[in-house]
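Got a structure here, written out as structure tokens. Questions coming.
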Amino acid sequence: MAREVRLSEVAFDPAALTAAFAAAHPGHGALASFVGQVRGDDAVKALELSHYGPLTLAGMEALADQALARFDLLGLLIVHRVGEMRPGESIVLVAAAARHRRAAIEAVDYAMDHLKSDAWFWKRERRGGEWRWIEPRAEDHADLARWR
Amino acid sequence: MAREVRLSEVAFDPAALTAAFAAAHPGHGALASFVGQVRGDDAVKALELSHYGPLTLAGMEALADQALARFDLLGLLIVHRVGEMRPGESIVLVAAAARHRRAAIEAVDYAMDHLKSDAWFWKRERRGGEWRWIEPRAEDHADLARWR
Amino acid sequence: MPVKLVFLGKLADLAGVPTLDVAAPLDWAGLIAALPGPLGEAVQGDRVKLAVGGTVLADKTALDALDGNEVALLPPVSGG
Amino acid sequence: MPVKLVFLGKLADLAGVPTLDVAAPLDWAGLIAALPGPLGEAVQGDRVKLAVGGTVLADKTALDALDGNEVALLPPVSGG
């Protein structure tokens, strides 16, 4: 069972990482993945994700362990970008390999809900020259509560 | 809003198709995908998916329309293989682009549940030289019932 | 022209052929009469559906296929 | 050695600096005293947590940071 958890300070290619993850789990049966990007359909010119070294990666690893314990997975990949990024750049990639589809899909859903509002990241966006800190929406908190 | 639904008689590359779908929806925000493969971890030597021309593709298109009506999507891609395939080959790919993650993830989950036990395919597998028809598991029917 | 029966999935195995031409017109009783033994029994099962000309019948016993129609015999599906 | 405060997210904006050294030892009252105005108010909010040496405190008012400790001030998170 492979667990791969990374922070990336630079742009990453989710298609290439997902293909490599799939290739590392031959005959897995089911592969679900999610890629979050900086949206390009509004006035947001840049997004910045900051993290805190002593907590962030360790927290992501603990999240991955929880997902592996909760769902019947063959492998889990979590990659989260930090730093400043532009519309269209990838923020986060989660991929899960499993024997059956719903374990893979639910693990991705679970990991994303936790990364969104229960992981050590702080996000701000720049609109019209002004940086503004973003907090999770009410839906994000409700989504997270589904797993408790 | 792009809806792309295909049957494939030959092996397809889910990573390349997903990357092309993502590129066709720049700035989408969220992209969820699922790939089902022939599992390679048991005695199954081959899998065959048959379909019925007058029903199968039209049914998949109707399913895609239902998903687009139900979830707030920017695009939806469904590719389903037919014919005989070997362990490791891809059977199905679903990818959904949306502004927000849960719409994309739920659309993939919804489409897969319907493709599994409510689409015009018939599946058999070959073990020890014998072909055996596969029916959905009880869980598959329960998964489908979640959406009703 | 006859009615063309198309057997899908395990029904094709039971039929031993993928298609079979039968005389038109064809109603439900005629269909069952045309399908001997295990195949006829299987087709009468709750989970087998019929489609005529690409349209699935809500009630298969209302089958009323005419010259040149294609009747598909559809056992439980399994995809993905 | 002092205690090093590390401000995350919007708290860094309020502080105007990413880090600040304060005298050790440092308890909760001392922390609030060291953080004037809106920053101190924000840190007292329910949703701000503290971590000492990479461990999040269950009760931030139990802060007891020693020489060389790093104290992170953690506002509500947002990732993904």
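Some notes on this structure:
Labels A, B, C and D are assigned to the chains in the order they are written; within every chain, residues are numbered from 1.
Here is the rule we go by: a contact is a pair of C-beta atoms (placed from the backbone, for glycine too) under 8 Å apart; a residue touches a chain by one contact, two chains touch by 3 or more.
Note that this is a predicted model, so its numbers are computed, not measured.
Each step here moves to a touching chain, and the least such steps from chain A to chain C number 2. With centres set at the average Cα position, the gap from chain B to chain D is 49 Å. Separation between the centroids of chain A and chain B, computed from CA atoms only, is 23 Å. One finds 27 Å separating the Cα centroids of chain B and chain C. Contact of a single residue of chain D with at least two other chains is seen at positions 80. Residue positions 36, 101, 112, 116 of chain B are each in touch with at least two other chains.
In terms of inter-chain touching, the protein chains here are arranged end to end in an open line. Shown are all chain pairs that touch, namely A-B, A-D, B-C. On chain D, the positions that touch chain A within their shared complex are 6, 8-10, 13, 51, 53-54, 56, 70, 72, 74-80.
Within the complex formed with chain B, the residues of chain A that make contact are 14-15, 18-19, 22, 26-41, 87-88, 99-102, 104-105, 108-109, 112, 116, 139, 143.
Taken together, the chain B residues at the contact with chain C in this complex read 36, 49-50, 52, 54-55, 58, 80, 91-92, 112, 115-124, 133-136.
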